[in-house]
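When the chains are written out, they are named A, B, C and D in that same order, and each has its own residue count from 1.
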Amino acid sequence: MSYNYFLGCVIPGRLPFLEASARKTFEKIGIKVGDQAKYSCCPDPTGVAQLDHETFLALGARNLCLFEESKKNILSLCSGCTETLKTVKHILDNDNEEKEKINSKLKVIGKNYKGTIDIKHFAEVLYENIDKIKEKIKKPLNDLKVAGHPGCHYLRPSEIINWDDPLNPKTLDELIDAIGADSVDYSLKNDCCGNPLEKSDKDISLNMLESKLKSMKEAGAECIVCVCPACYQQFDFNQREINKKKNSDYNFPVFYITELIAIALGIDSEKLGFNFHRIKVNDVLQKIS
Amino acid sequence: MSDDDIRIGVFICHCGTNIGGVLDISELTEYAKTLPNVVYSDANLYTCSEVGLSEIRNNIKDNNLNRVIVASCSPRTHEPLFRSTCQEAGLNPYLFEMVNIRDQDSWVHMKEPKKGTEKAKDLIRMGVYKASLLEPLEKMQVGIIPSAIVIGGGIAGMNSALNLANQGFNVSLIEKESELGGLLRYLNKLYPTNEDASNILETRNLVENHKKIDVYKSAVIEKIEGYVGNYKVVICQNKKTIEIEAGAIIVATGAIPLSPEGYYDYNGKTIISQLELEDILKKNELTANNITMIQCVGCRNEERKYCSNICCMTALKNAILIKEQNPDANVNIIFRDIQTQGVTYEAYYRIAREKGILFIKYVPEKPPVIKKDQIEVYNEFLNQVIGFPFDLVVLSMPLIANKDSEHLAKMLKVPLEENNFFLEAHVKLRPVDFATDGVFVCGSAHWPADISESISQSNAAASRASTILSKEMLEVEGSTAEVNSELCVGCEACIKMCPYSAIYKDEDTDIVVVNKVVCKGCGVCGASCPQNAITIHHFTSDQLIAEIVTYGGGE
Amino acid sequence: MQIVDFKFRNELIKEDFSLNYCYQCGTCSSTCPVAFITNGEYNPRKIIEQSLLGLKDLLIKEQSPNVWLCCTCQMCVEECPQNVFLTDIFESIKNRIVLLGEPYPETFKQQAKSVIENGLAIPLSQPIIRRRDQLELPNVEPVNIKEINKLLEATGFENKIKSQEAGK
Amino acid sequence: MEEKLKSVMVIGGGIAGIQASLDLAERGIKVEMIEKNACIGGRMAQLDKTFPTNDCSICILAPKLAECFRHPNITLHTLSEVKSLSGQVGNFNVKILKRARYVKEAQCINCGLCIEKCPMRIDDEFDMRLRKRRAIYIDYVQGVPSIMTIDRENCLFFTKNACRICEKVCEREAIDFDQKDEEINLNVGSIILATGYDIFDPHSIESLGYGRYPNVVTALEFERLICASGPFGGHLKRPSDKYEPKKLAFINCVGSRDIKNNPYCSSCCCMYTTKEAMIAYEHDNKIKTSIFYIDLRAAGKGFREYIQRGENEYAITYIKGKVAKILEDDQKNPLIIYEDINTSHVKQLKFDLVILATSMVPKKDALSLAKILGIEIDDYNFFKANSYQPQKSSKEGVFLCGTCREPMDIPNSVIDASGAAAKAAEVIMRV
């Protein structure tokens, strides 16, 4: 069964250039991914889920039904959406009582969840096709020092996400090494970037980000790579905030892994909308293209 | 043994770095060579290892040594080993002298290696002078009565009696109460299987019907005499005195729960003890819905420092039983450290949590306070005082030593530790033996133990006893006291002083005699005799004086 | 002094049975990034202890420690030696806070309103649509909001999240 | 003494196996002791000191080793493993595979010449790979039997048909490369299992950094680090830079009481971490130690006073709070992140050396041995014991003692061993 994109809210609504790099990358390595109409907010596992569990399941189940109707597996571009959809599927597939309750709600809009489709994070699919990527490499990134940030919902809770090692992840590092960059080992690799906390306490969120940046700097990273738009926002938008607050000088260019893979595959960087990055990425682009 | 043909071999031990790390071993080895009668001297990394022992054996043969000195650790742990090594090489084991340069030198003078080495020279020189005066001694042979006496008819006593009987030995089981079973009779269910206590109580029938076990109930011990292999125990049963002979004695007198009186204003109705709860559960008369148990009552404090090992599992058992009977009951356990070691007990603790039992950790400085209808306690996990209602409080009392342990210990001449539990020979090497040969201990008499621990220990005690009962003859120490009948005036000072009551007066000659088998060679009689009539073999006066003189003391 | 509320405790246990297994070892508070940054002021272990004791005031009213500071990174769940699902337990506590009309951060309400009105947390704005064209990205057929509202009505989402400002 | 008594087979030559054998031998029953390694002594030989008396472990073990080796009623089969069992209680036929030692037992006097000359350097299992040994070796200095053994997996003669230096230098011609493995059939009346335990490998607990951070070691590695016969001759040095550590952290329950690893409690970690902290202090009284625990378990005789003495006289700080995360600074000092539950503050603390008290797990070959003997095992591969006769296995005539049935400390293993001897004697006397 082939895939349709689940774009989520943040990427299409605020960071469309990440969507561009993803689409071009999957095209380049020959994986056709369609578009799914009428999908709603996944809903945000760090937002709506904290308000009402039933609404969380209902909205999530509705999205799953859309993909079941178009008989397409979900390829999600965001770790948050991946976690939500995998969690809803996990609960409904394992708890019949819950499934009946949610299906009774879905009947109101003529939908019924069966559980016939699967959900994959885009980096899972990239990792499963790592050999294809290696074949098609045109311009290896002559060991650009990259601090890979796998993020939380990409890996955990492992019982539901069921991908890579929740406490010592390797897949993002391998993807980075595969395209000729050098994935730097830094001590707080597995820590949260702090983005979900922006909704509750901006200072704590920034402090968490700062300890990560400090650890990346000590490890000699030249840029940051992540696989979730929430993490992307935290790194790209908030380095300036920290510099203002703590008069530090963090200035790491931030990339989505698909952006680096796109360049390594020889896709023209003009078409990837690097100009929309808050932190300028030019000198990194110089180094690698 | 004239002076000139004495040939002493000195073996100095590094004991890893315990000695070698402090004292200059090579200097000591050279120094030893300069001492009179020393014909061989060498060092070993570990003399007690097989390599060291074979070196002693070979040198006795090759250099035909007739005295051996090992300068190493404490005689308490290694003298028997080195003595038997000398014996295997054909040398009388008493022509061996141990010099302790570890516990009495290198360990205490770690910071002054130079002075420590000088001190070691003195100690070795004293050993050499004493060794020159050593005389061969023979070990005594003692007959063994192949039967055992077990004191205490609880689970520990019964099980060790059964095991010995099944090994073919006759056993006399002495119980002071009118029936067997001990504390087991008051228990409702047993952890960890929650089966009924009466199943284990079946052991009573096995014991009472076993043809090799004589059971004496309502029997009190009057007197215990004799020594390993030949004990005579006089008991009084329904005003009749009976004499029982045995080769070994197993103490299994158990322990008793501390009375809850005076703790958390115990009243026996709404504030009771775990033992009382056992009874209530046995009769199925529990009506309370809010039950709170308090752990470590009357122990782990200044008065009673120890943890009594069985109270946590007992509390968990009763709490689980209550929850199974009445799932809506609120059962809380206020604790300090839950003691559930091992596979089964930790799984049992998880089952307790699974049943919804609430665990609240308190600190000794702020114990729980029982108000009219509410308990208040500082919850360490929350760093705050919390309160909750109760209609029944259960105090987990520790096991304390039996009141009559002291009396029994005196009769058996065995030591007690500071909480009056019986003190074993060595907690690791000989955990169920006493220092006095032929007497063993198991169950809560040694330390609070639950059913399965008591059974393991009782099997162990039976095994240890069988190592004596299975022999016809037993060798006994040769270094004992001996009375010179010309000098003794019969003043009996020594009889009063002897801690092992090994001396008695020969009525017709009015002279005292030492029972060599009971005598431990401790030397108290020799020191107290006004006539200097008693010599202690292997520690004779002239041997000791020789040591003092060579150390530099006056004549 | 806090009074143990067995009814509320049993309610929480009924919803997340794994709560029972906690023996307060402190693994969660040792691995929690927020607990470390706030030196224990935010403390997952303490929230679990309060749940075990059913302390409704501390959990729902005072919210101290503040359960909204959980960044849902699930490290505590991965490391917990007794498989307690802390994040789910915190989620059900937050759901109760919302349901019982107790105060909670504004940002959550804004996101919820956007989902109710546009079916998306972040609706497509004009500048973004222009950027998408620049990047030659297909425009994706928008969600039909009537269907979403019907569904949300079925789950009663709107009045659940209406915290009683008037009453405060 | 009845001559026709059947003998007892004791599988395992650790402290439990030795105690059971000595008890049986002393009571006149012959013992066939089967030991897999080249020397007997088991885990206890690797320890520096033992609680609660702080005796040095080898000092109280060596006399028992010597006694066991020399006892006329005990036949010692080293380098031997049980291959098959038939028959029933009172009449078991056991097939033993005795691996070749390639050293003539009568000739070798453990002079050590061959060791000096042997070119091979192999990680020394006994010293937890903190030191190298040669292809011809003895398990430990005081090992019994005190004779060399050739490790055929690493000896150049067996791997490349070369070298044979040891044969040349040995003055007593004790080396014999032609020795072959041999199978022995033994008929015994009863069997006692005392096969001991293995150490849980904490690599799988990623966030503690074992394997990545050199100064995070297991408790048994610490015993070797501080032991007089260990790699540093009794001077406590830390692996990364041989610096003598001043601040030590002991973390209890690593892998234990943990559904994701070993749900059970390993019984004696609270006690041996206190002991190890005490020994460290004795080596250098400027050392400060912290012990992180969940429940401090010290219920044995004199154990609680031992803990109090540790706190008052040996500068040990007990902190209630399990550690789940360790980082490292650039000088390779471990940084522990923990919550001190007493004050509920979450802090990071720098230490020079961190010691993990990892769980006791059954031996890797416990499962296959259980199959051969036909006895049941529990969910974690410990041999299943009867609840109220803990020395009895599920099979009549086969008894259990020591850590092969459940984690326990040395005093309990010794009691268990004597207990198993009593049960075995019951069977033998009935036959």
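One rule holds in what follows: contacts are C-beta pairs under 8 Å (C-beta built on N, C-alpha and C of every residue); 3 or more make two chains touch, one makes a residue touch a chain.
These numbers were taken from a predicted model, which means no experiment stands behind them.
Trainee: So using the touch definition from the top, which pair is joined by more C-beta contacts, B-C or A-C?
Mentor: If we tally the C-beta pairs in contact for B-C and A-C, the bigger total goes to A-C.
Trainee: Can you name the chain whose C-alpha mean lies closest to the mean of all the C-alpha atoms?
Mentor: Centroid comparison flags D as closest.
Trainee: What chain lies farthest away from chain C once each centre is taken as the mean of the Cα atoms?
Mentor: Result for max centroid distance from chain C is chain B.
Trainee: How many angstrom between the C-alpha centroids of chain B and chain A?
Mentor: One centre to the other, that is 66 Å.
Trainee: Nearest whole angstrom, what separates the Cα centre of chain B from the Cα centre of chain C?
Mentor: Roughly 60 Å, centre to centre.
Trainee: Counting in whole Å, what is the centre-to-centre distance of chain A and chain C, each centre being its mean C-alpha position?
Mentor: One centre to the other, that is 21 Å.
Trainee: So, what's the distance in Å between the C-alpha centres of chain D and chain C?
Mentor: That pair's centroid distance is 49 Å.
Trainee: What positions in chain A touch 2 or more of the other chains?
Mentor: 167, 190
Trainee: Could you check chain D for residues that touch two or more other chains and list them?
Mentor: 207, 257, 295, 320, 341, 343-344
Trainee: Which parts of chain B, given as residue numbers and ranges, touch two or more other chains?
Mentor: As it turns out, chain B has residues touching two or more other chains at 338, 350, 381.
Trainee: Can you name every chain pair that touches?
Mentor: A-C, A-D, B-C, B-D, C-D
Trainee: Can you list the chain D residues touching chain A in their complex?
Mentor: So the residues of chain D in touch with chain A come to 206-207, 327-328, 330.
Trainee: Under the stated contact criterion, what part of chain B meets chain C in this complex?
Mentor: By the definition above, chain B touches chain C via 330, 338, 349-350, 353-354, 356, 358-361, 376, 379, 381-382, 384-388.
Trainee: Given the complex with chain D, which residues does chain C contribute to the contact?
Mentor: Chain C residues touching chain D: 21, 23-32, 35-36, 38-40, 43, 45-46, 79, 81-83.
Trainee: Which part of chain C faces chain A closely enough to touch in the complex?
Mentor: By the definition above, chain C touches chain A via 33-34, 37-38, 42, 66, 68-69, 71-75, 77-79, 85, 87, 91-92, 94-95, 98-99, 104-105, 107-108, 111-112, 115, 119-125, 128, 131-132, 134-138, 140-144, 147-148, 150-155, 157, 160-161.
Trainee: Would you pull the chain A residues touching chain C in the complex into a rising list?
Mentor: That would be residues 7, 9-10, 12-14, 16-17, 19-20, 23, 35-41, 43-55, 58-59, 62, 105-106, 108-109, 152-153, 156-158, 166-167, 190-192, 194, 196-201, 204-205, 207-208, 211, 271, 273, 276 of chain A.
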